[in-house]
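Dumping the structure here so I can ask a few things about it.
The first chain written gets the first letter, and so on, giving A, B, C, D and E; residue counts start at 1 in each chain.
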Amino acid sequence: MIEAIRTALIVGCVLAALFFTLVSTAGVLRLPDIYTRAHTASQADTLGAGFGLAAVALSLGWETATVKTVLLLFFIFITNPTAAHAISRAADEQGIEPWRPDDDRSDLRLYRDSQENGHIADGGISADTAGDEERQPPEDGGTNR
Amino acid sequence: MSTVFPETGDLVTDVFLVGAALFVLLAVALLYRAVKGPSTQDRVLAVNVLGTNTVVVLAFLGVGLGESSLLDIALVYALLNFLMAVAISKFTVERGGVL
Amino acid sequence: MISVVEIGLFVFVVTTALATVLLRDVLAAVVVFAAYSLGMAIFYAFLLAPDVAMTEAAIGAGVTTLLMLLTLARTVHKNKGRFWQRPNVPGLVVMGALLVVLLATVGEFPEVGAASQEALAWWNPAVTQHYIENAYDQTGVTNAVTAVLAGYRGFDTFGEATVVFAAGIAILIVLNREVFTGE
Amino acid sequence: MSDNSILVPVSESTTLRQTVEYATRLAPAEDGPGRVRFIYLHPPEAAGDRQQADSSGDGEPTNGDTPELLNRVCVWAREDSDELSESITIETSQIGRDQYLFGPEDIAEALDAETEEHGIGRIVLDPEYDPGIGVPSLRPLQVELRRVCDVDVEEAPVTAPARRSPIEFGGTALQTGAIFGVSFLFYQTLAGTFELFDLVTGTVSATMVAVGLSQITLSRNPTAGSIFTLLRALVYLPYLLWEIVKTNVQVSAAILHPRLPIDPRMTRITPMVWGGLPLTILANSITLTPGTMTVRVEGRSLKVHTLLPASRDGLFDGGLERGVRFVFFGRSAMRIPSLRERRSYEILNPATDGIEESSSPENRQPQGGAGE
Amino acid sequence: MSSADQSAYVESAVIMTTVRIVSPFSLTYGLFLLFHGADSPGGSFQGGAIIGATILMIAFAFGIDATRDWLQNRIVVALSAGGVVMFAIVGLVPLAFGGSFLEHSFFHDEWGIKTKWGLEAIEVAGVGPIVAGIVVGLFFLIAAGSKPTDSGAGAVDDDD
């Protein structure tokens, strides 16, 4: 009986982990600009990893390896938001404009405009991937809703 | 070297292996953002999410394959994964100036 | 199930590798290369080579990307232009030929984990067999990789360590200054 | 503006004595008596008790409220000037009691105001000056000062062991002990077996970590108060977790919704939270909570990106802010009004049709990120 | 970003706090791998790399110059050079007493020291410090060249 409950819990946790990671993947692919993507990257993903590692811990039971799982979770909870913060801070520092709902530009357009407005300083080694019109991947508008 | 985990039953092992497989597929989907960008920050973000996924995949494979040492590898990523984001932050902020 | 993981990882690694080569923007290539390293680490782990996976993790997550970024900070110029690099045709031909040769050998491998006499002989030549049979007794360690690296092949490792040291020092000298002037 | 009046910001440091001597020697000039003005900045944490906001420490070095440090500096300066048999005027002042100084920008501006008010001609910086804002701040402060002030800024050439970095080996016994304990426990957890080998190597590693990093990890000594803070943090943690799960569902629903009903805005909030660590905890909590993400910490204000109107409301209602105040300042601090009631928030890029009102009086930058 | 009226760069408090918390753990983990090369995956190379990465982490949060002042170059070079020397010494000791170079079983046969400790000594005192030292040294050196004064980019004169 206990075994069955545990198995059910494990399956539930794995499913939840998959769900939240799916959300974060969808977010990273769908959302319109770097700031909004950073949201999902740090948070939905943190919860996804949380459930996933919870499932691992459950299946291990009382073991030293379980403590490792808890440590993994602890580190992910600390480092992931920091990474998101660092990334969005870099974007902000570089002057990439945040997207607004009344803005119908694609993220690429937004990024290029930020550059053209001189917000991205000269001499930067920022990724200037936005120069080539005819060679853009066709999915260019995919992130634009 | 490698301790085999206590018996958890075939179902659970399968669940973890399937989970790992799906996580890998999600990681492949994330590559779109990592390759396309447009900005460097977008790419780093995608790779950061990939890093978190890697931790989970390694933990899942650890249980699924019965190899506890994979958790140690996951620990390395959990500890060091944010380094690149921090580095990119410093890198773009100072353009190699203060770095 | 296992095959799904394998196929997914294969697609992942090949995509990242191709993107690393083909992306015009060097910074982007460095970042994508970090993703490649993640995929390889899972691959190694999946093939139950935790030592190699650990190396990939420690070096890939911690060191190479940062060193490459720093190098970029010193060298790269503004990079206007195309998204994809135009592939170099002669290079592509050579690489394709190499790929064909390598793939031709794949068919000769025995199955992973095969225990037939033939397979054992194939990947366990006498030296390997000796290590596998005697490493634990002779060295008293439980990680055979360490036994081989530091014990049986101590000379090699010593040479490697010296090479790493020499290479490091040489780079330090070429890149010059401060370190030795104690600044 | 005469070159022989010098402003010296002082703080506890090993090179303070030499800095004072240098400034005192520098001050005398041909055209009249030199003047040295020592200035003490109250760190943001200490500024919390600002009931007696009498920051008029001007010219009254023996004022009962004067920090002990300033008195000591005055004594030193007199000694030096006696030795030189030059007459110099020694003044002291304090800032930061009636205002919160966060970050090098604030301090540089405060110092600039001081130089203008008192006709100071140059600023001498102690190479180990640390205004206590919790970040390595001397280099940024120097740059800020050069930007803001039109007076000379120089670093006192002290001959003490050049420890220009804020990082050093070793720490107090308590710091070292705490890090040692954590490191040792972590090591044993990894090892899993309490064999002699693990105990010995664990001790060796933990010692190395403690000696190497104790100063990095704990910037100040843990006190009895930290224990209560820790206990209160244990109360805060479940609340935070609940918030994370709750808002995560909201955000997930928005992301998976086919029409992607998001309304991202960059906002700036100025929470009533003082000091480096509490602010960092608040910033991290905001980032951890889905829908809100700290983009920047600028002095005391946080630039926060919000994804949904609901998450914005949650942020402005200030639940997290209250929680952090509870953790660090106790139950009484929870009664401070929320961000919304204080109206100390603003939306940096409001919608063009003006549905959202931008309410803060200090509307510094209309476009988020554009002017950085 | 390097124009004169640009605000000074302030290290992000959030990043710094995270590094404060994570660095003791990652350093401990690096040392753990170093010491446990004989009986768990990983070993000196990986441990050394993680130790190096910890230093890099601190350098990113606290500023590279500050870290360089803290961890003087002398220490870094001493680490890597000392690693090679220690490796050689471990190998030479059996040679000095009539064995052959790097003959670990010699310790066991002559003095009853387990062969394992010979391997451990090489791992801990030899390879690990070399790797850590070279990683940190390379990092410092490459970073050194990218000061604004070198690239000619900066009016931020003495910022690191």
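We take it that a residue touches a chain if its C-beta (ideal position, glycine included) is under 8 Å from a C-beta of that chain, and two chains touch if they have at least 3 such contacts.
Predicted model only: the values in this text are computed from it and were never measured.
Among the remaining chains, those touching chain B as well as chain D are A, E. Between chain C and chain E, the least number of touch steps comes to 1.
Using mean Cα coordinates as chain centres, the one most removed from chain C is D.
Between the Cα centres of chain A and chain E there is a gap of 31 Å.
Mean C-alpha positions place chain C and chain D at a centre distance of 44 Å. Chain A and chain B, compared by their mean Cα positions, are separated by 12 Å. Within chain E, residues 1-2, 9, 12, 14-15, 18-19, 21-22, 25, 29, 39-42, 46, 50, 53, 56, 60, 63, 143, 146, 151, 153, 156, 159-160 each touch two or more of the remaining chains. Within chain C, contacts with two or more other chains are made by residues 23, 27-28, 50, 53-54, 57-58, 61-62, 66, 70, 72-74, 142-143. Among the residues of chain B, those in touch with two or more other chains are 1-2, 37, 40, 43-44, 46, 69, 72-73, 75-76, 79-83, 86-89, 91, 93, 95-96, 99.
Within the complex, the chain B residues that touch chain E are 1-2, 69, 72-73, 75-76, 79-80, 82-83, 86-87, 89-90, 93-99.
By the touch rule above, chain A contacts chain E in their complex via residues 71, 75, 78-79, 81-82, 85-86, 89, 93, 121, 123-124.
If you check the complex, the residues on chain E that touch chain C are 33, 37-43, 45-46, 49-50, 52-53, 56, 60, 72-74, 76-77, 80-81, 83-84, 87-88, 91, 101-102, 104-105, 114-116, 118-119, 122-123, 126-127, 130-131, 133-135, 137-146, 151.
On the chain E side of its complex with chain B, the touching residues are 1-2, 9, 12, 15, 18-19, 22, 25-26, 29, 39-42, 46, 50, 53, 56-57, 60-61, 63-64, 143, 146-148, 151, 153-154, 156, 159-160.
Of all residues in chain A, only 19-20, 23, 26-27, 30-33, 35-36, 38-40, 42-44, 46-47, 64-65, 67-68, 71, 77, 81-82, 84-85, 88-89, 91-93, 95-102, 117, 119, 145 touch chain D in the complex they form.
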